[in-house]
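What follows are several structures.
In the two complexes below, chain A is the common chain; its partner is chain B in one and chain C in the other.
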Partner chain A sequence: MGYKFNFAETDSLFCNILEKYDVYAPKRFPKQGRYSDTDITRYSQIKSINEIEFNQKTDYSAKEVLTPVNETLFYFTENEFKESSAPKKPILLFARPCDINAIEIQSKIYEENGEFSDIYYSRIKNNLKFVLMDCNGGDDTCFCTSMGSNVTDNWSIAIKQLENDYLLSIKDPEFEPYFQNCEKVDFLPNFVEQNKVSLTIKEIPNKEVLNELKHHHFWSEYDKRCISCGACTICCPTCTCFTTKDIIYSENQKVGERKRIFASCQIEGFDTMAGQKEIRNKASERMRYKILHKFHDYKERFKTKHMCVGCGRCIHRCPEAISIISTIDKMNDAIDEIINKNIQE
Partner chain B sequence: MNKDIDIKKLRLNCFRQSKEAGKFMLQMRVPGGFIDAKYLSIVQHIAQTYGDGNFHFGTRQTFDITGIPYENISEVNKYIEKYIKEVETCICDVNMNTIAGEEVYWEPQSGYPTIGARNITACIGNYHCICGNINTFELARKIESIIFPSHYHIKINISGCPNDCNKAHMCDFGIIGVAKMEYHPERCIACGACAKACEKGATRVLSLNENLGRIEKDECCCVGCGECVRACPTSAWTRKETPFYRVIIGGRTGRQTPRAGKMFLNWATEDVILNTLKNWQKFSAYVMDNKPEYLHGGHLIDRAGYKKFKEIILDGVKLNPECLVAENIFWQETEYRSNFNVKRP
Partner chain C sequence: MTEQNKNHMIPTACKIISIIKETDIEWTFRVESNFKAKHGQFMQLSVPKIGEAPISISEIGDNYMDFTLRAVGKVTNDIFEKQVGDYLFLRGPYGNGWPSEELKGKHLVFITGGTGLAPVRSLLNEFYDNIDRVKSITLISGFKNKESILFKEELKKWKDKFKTFYTLDNDSIEGWNCGLVTNFVKEIDFNSFDNNYAVVVVGPPVMMKFTGLELKKYNVPDENIWMSFERKMSCAIGKCGHCRIDETYVCLDGPIFPYTKAKNLVD
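Moving on to the complex of A and B:
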């Protein structure tokens, strides 16, 4: 069961929902792209459904709604502190299946990794519902079907944009009353079954192979190609790394706020320790760390799917045209090479 | 060879005298140096049918066809009627029945009516280039109808960004595409990539304030190149939607006093550029008492003096609020003839 309504009716239908919820969705920002006269699309709070960019994958992921690039955790004055306030309204988040799956993966890190749950994350996550956006399989950087993130049942409303109308399917009874007077149609969300590109990931059978893989020569290509800008991890919907910083307002060092800010394992200095020792001081080592985290370590740690959801944003955003798909292909070859060599020995 | 040829008349017709008696080189205008590749077959046809079969990329981005015998010139002029009409009238909206804005009948089969205002050159600009801030050939096409046809000389070079690959600094009226940047602190991760890019490739106006986790900018010396936008992994730097332009005047090569041009306008809008150039004929007519000579724009500025130039060229031009105008210009010439300017009164 579903509903159909045209663009003109949309604002009045969603008026009460927009009143009750802070609604976040993909939005186009004209001419704000990396190159002149190009746009970016990213998540932003919207006041009308018609503001939403339905046709293009966002440059930046939906994670920015749950964990903003900059987030104040608390304010401090001498020995006292006050936590930043939680959002007043619940959030309604428009997202495609890959992005919804990505948020579930992030939740594992924020809420299930270690002994405590991150309250700043949970206070938003627990107050959030998804509007599933219909996806036709994305562009030529998308490989969600290869990662098993093309399907989800974690949604309250599903929406599909047609030429002049929207189709809606409602799973969460809370939203039924708003659409009762709309034309009733058969509509259930469809999940894409094939992307333009696909990826197979070789399992790394044991620690010996893993250790040899870490030192394989194919990584060194990235010393020459990767500029360590971190764009791939900033836009990645599953990357969770952040740093904290105390912002001091004035000469008085006792007054200020503590922020958390996105960090990137690709940017130099990410793993600099006390004493200035840096663990991975080459682009190739940083690339290896990211790739193995997405395609080995996370799965090993949580005994579930790989961390990467195949949204392809890292490919899309890389200013040096490095494709994670090719990187995995090369890694697969390296794994084969190591295994074959070990058999021969 | 015994031929009676009016060399000067043919030069105005865009046929340049060859060292080989009775031979000429046709210079076909390509405003902005950008055109549909289909016109290459016209060039090929002229070269193979009327010329010596060869072709030169003119230094001012004209199609230069060498070795055309004097006898073939009227045939060539008939043949290029279509090219002139399509390029000048259709693409650039030029009124061919004018000279310097005055109505003068143009015989369509007589070739180019004037050589005065030289072909406007441009780099590829943001049609292709990752550094470009503006669409250079579109601007060139708008300017073409303002300065052509005219017997008053002016060389205009357009560069898409302050890297100035197309040498706006070495012509009468150079235009450089610049961007005003916007900083979105809420998206900044204080990685410092922009500051590094600015230090390496621009004017070192950005610095990272470690206390505030923010980038600080010395607005005064920003050249508007957009390297910060290109370097930023989070879109914390974006270009403002409106493009701006810098104007460099009085640059030139030549045997006597070559010099690099100096900044006349900064942060001017397109309207300001076009309206300023609309005063070019008036300024030239003033300096030369309505009698066009073979004298380039920079020399006219010298004759009038910068202040008089400024007065006439900006007459009636409404400057945008951001626009800065040079109070004075201090030229720095290479004087190949010492005491060149000291003459008997």
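Moving on to the complex of A and C:
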């Protein structure tokens, strides 16, 4: 069963939900883009459904709601520690299928890798429900269908914006009462079935091929092109890496906090250990490390899908116009070349 | 607090009981602790306001733990400012540790370079006290020079029960050999071990690489070799990503790997 209501009605329909939940959704910030006069779209807490940007993929992903760029883990006084407080309210997160899938990918790392779940992640994730946003098919950098991340059934409410109205479908009975009096219509979410781009990811059959691939010459192109800025990982909805850092309050030198801050495997120093030289000290090596994580290592570890949802954000954000789509094409060719060579030998 | 929702990032204050200055830049800190740990595991040591660093446990006692640190940066330098009675902040233990059960009943060869001796020290001491648990122990231990020798008392003690080759890279002093540890692999009669042996290698990356290659010259099977890795770590619980090599997380799956796996870990 679905519901229909117009823009003018939304605030009164959602006011109780907004009371109970902190609602996060894509929002447009005018003139904050990378080039003058361009807007930026990113996740933000909203107070009205009408603030939401429905038509454009966000520049930055929904992960910022679960893992802020800069997050306090605990506060310390001399010998005592106090855990930072969790959000007081549960969260309702508006997201497209790719972003919902991306959060499931991240949660494997935060919650299932190793013996312990990351409490900072879980305390938000366990109190979070999704509002699935109908995706209009994305843009020419999207390849979600190739990654199997175009569909999801992990949602409580599904929503589609029309010219003057919204269509709603409700799966989670908790939200049913709020919309009782709305016009009833047939509405179920649609999923994108085809992108402008489609690609296949070649399987890397074994460690020998993997290690040969790491040394393939095609990566060296990135020594010239990639400036190791990390923009592609900051915007990526599945990248999770962080570094911890302590800070002291200047007023009181005895008190401070330990934080964690986004880290990027593309930026110099990611693997540098004290007194040793950096292991991956070239842009090509860092690129190969990132790409193989997305399209081999993660899947190998968790025996699941690949770590990329095909959102194309990294393509938009790269100042050097490096496209992950063409990187995958080149990697596919290199894998074929290595396998064929090994057969002939 | 249940294990599941315990905060694994928050450390516990542990009092420093003693500080032994092994060398100018490598000191062993003994702290009070009730953490239950296995040989070869490591802890995250922190100094609030400064940060955290992964450090191997170099000895485990009933109520204490030792850490042998080299002062190289922010955290380690700050720890060197501490005195007996001050606190270090610990969380852990982390990592897999040495496969102690698997090593029992075998001829064991330990090859260590520099501070690589720290993560095997507690295991060596356990076997020293219970020598009947192994067939034999050979220890090849190398240091850069006279000034960088660690655990001098123990090195002396171990000579009683272990077959030892102690060597300095580029220094000659009484009772010590001169040359790299790799030069002493040829002294080991692997054939006399009846294929019931294991080789443990710990040290800087180049040292481990060349020792691995040297061992292959003597047809030591990959399954018989164990190595301990060091990688940058920011969490030690599989979340921060810094220590990952392919699908392997050094903090979770390591830091100790059989050579069958180690030889394929290409960063």
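Throughout what follows, the second predicted complex is superposed on the first by the 340 of 345 C-alpha atoms of A that agree within 3 Å, B and C clash if a C-alpha of one lies under 4 Å from a C-alpha of the other, contacts with A are read in each partner's own complex, and residues count from 1 in each chain.
Keep in mind that, in the parts below, a residue touches a chain if its C-beta (ideal position, glycine included) is under 8 Å from a C-beta of that chain, and two chains touch if they have at least 3 such contacts.
No experiment lies behind these values; they were computed from the predicted model shown.
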Touched partner set for A:259, first chain B, second chain C, both or neither: first
Which superposed partner A:234 touches (first chain B, second chain C, both, neither): first
First, second, both or neither for A:55, with chain B first and chain C second: neither
Touched partner set for A:248, first chain B, second chain C, both or neither: both
A:110 touches, of chain B and chain C: first, second, both or neither? second
Which superposed partner A:136 touches (first chain B, second chain C, both, neither): neither
Partner chain in contact with A:342 - chain B first, chain C second, else both or neither: neither
Touching partner for A:70 - first (chain B), second (chain C), both, neither: first
Which partner reaches more residues of chain A (counting touched residues only), chain B or chain C: C
Contacts of A:326 with chain B and chain C, given as first, second, both or neither: neither
Doubly contacted residues of chain A, that is, touched by chain B and again by chain C: 245, 247-248, 263
Contacting residues of chain A [partner chain C, same complex]: 73-74, 76, 78-79, 81, 83, 109-110, 113-122, 207, 210-211, 214, 240-248, 253, 256, 258, 260, 263, 265, 270-276, 279-280, 289, 292-293, 296-298, 300-301
Chain A - residues contacting chain B, complex: 29-37, 40, 42, 59-60, 68-70, 229-231, 234, 245, 247-248, 259, 261-264, 267, 317, 319
Contact footprint of chain A on chain C as seen in their complex: 4-11, 13, 48-53, 70, 72-73, 76, 87, 204-205, 230-232, 234-235, 237-242, 244, 246-247, 249, 251-252, 264, 266-267
Chain B - residues contacting chain A, complex: 126, 130, 132-135, 177, 179, 185-191, 193, 211-213, 226, 229-236, 238-239, 241, 243
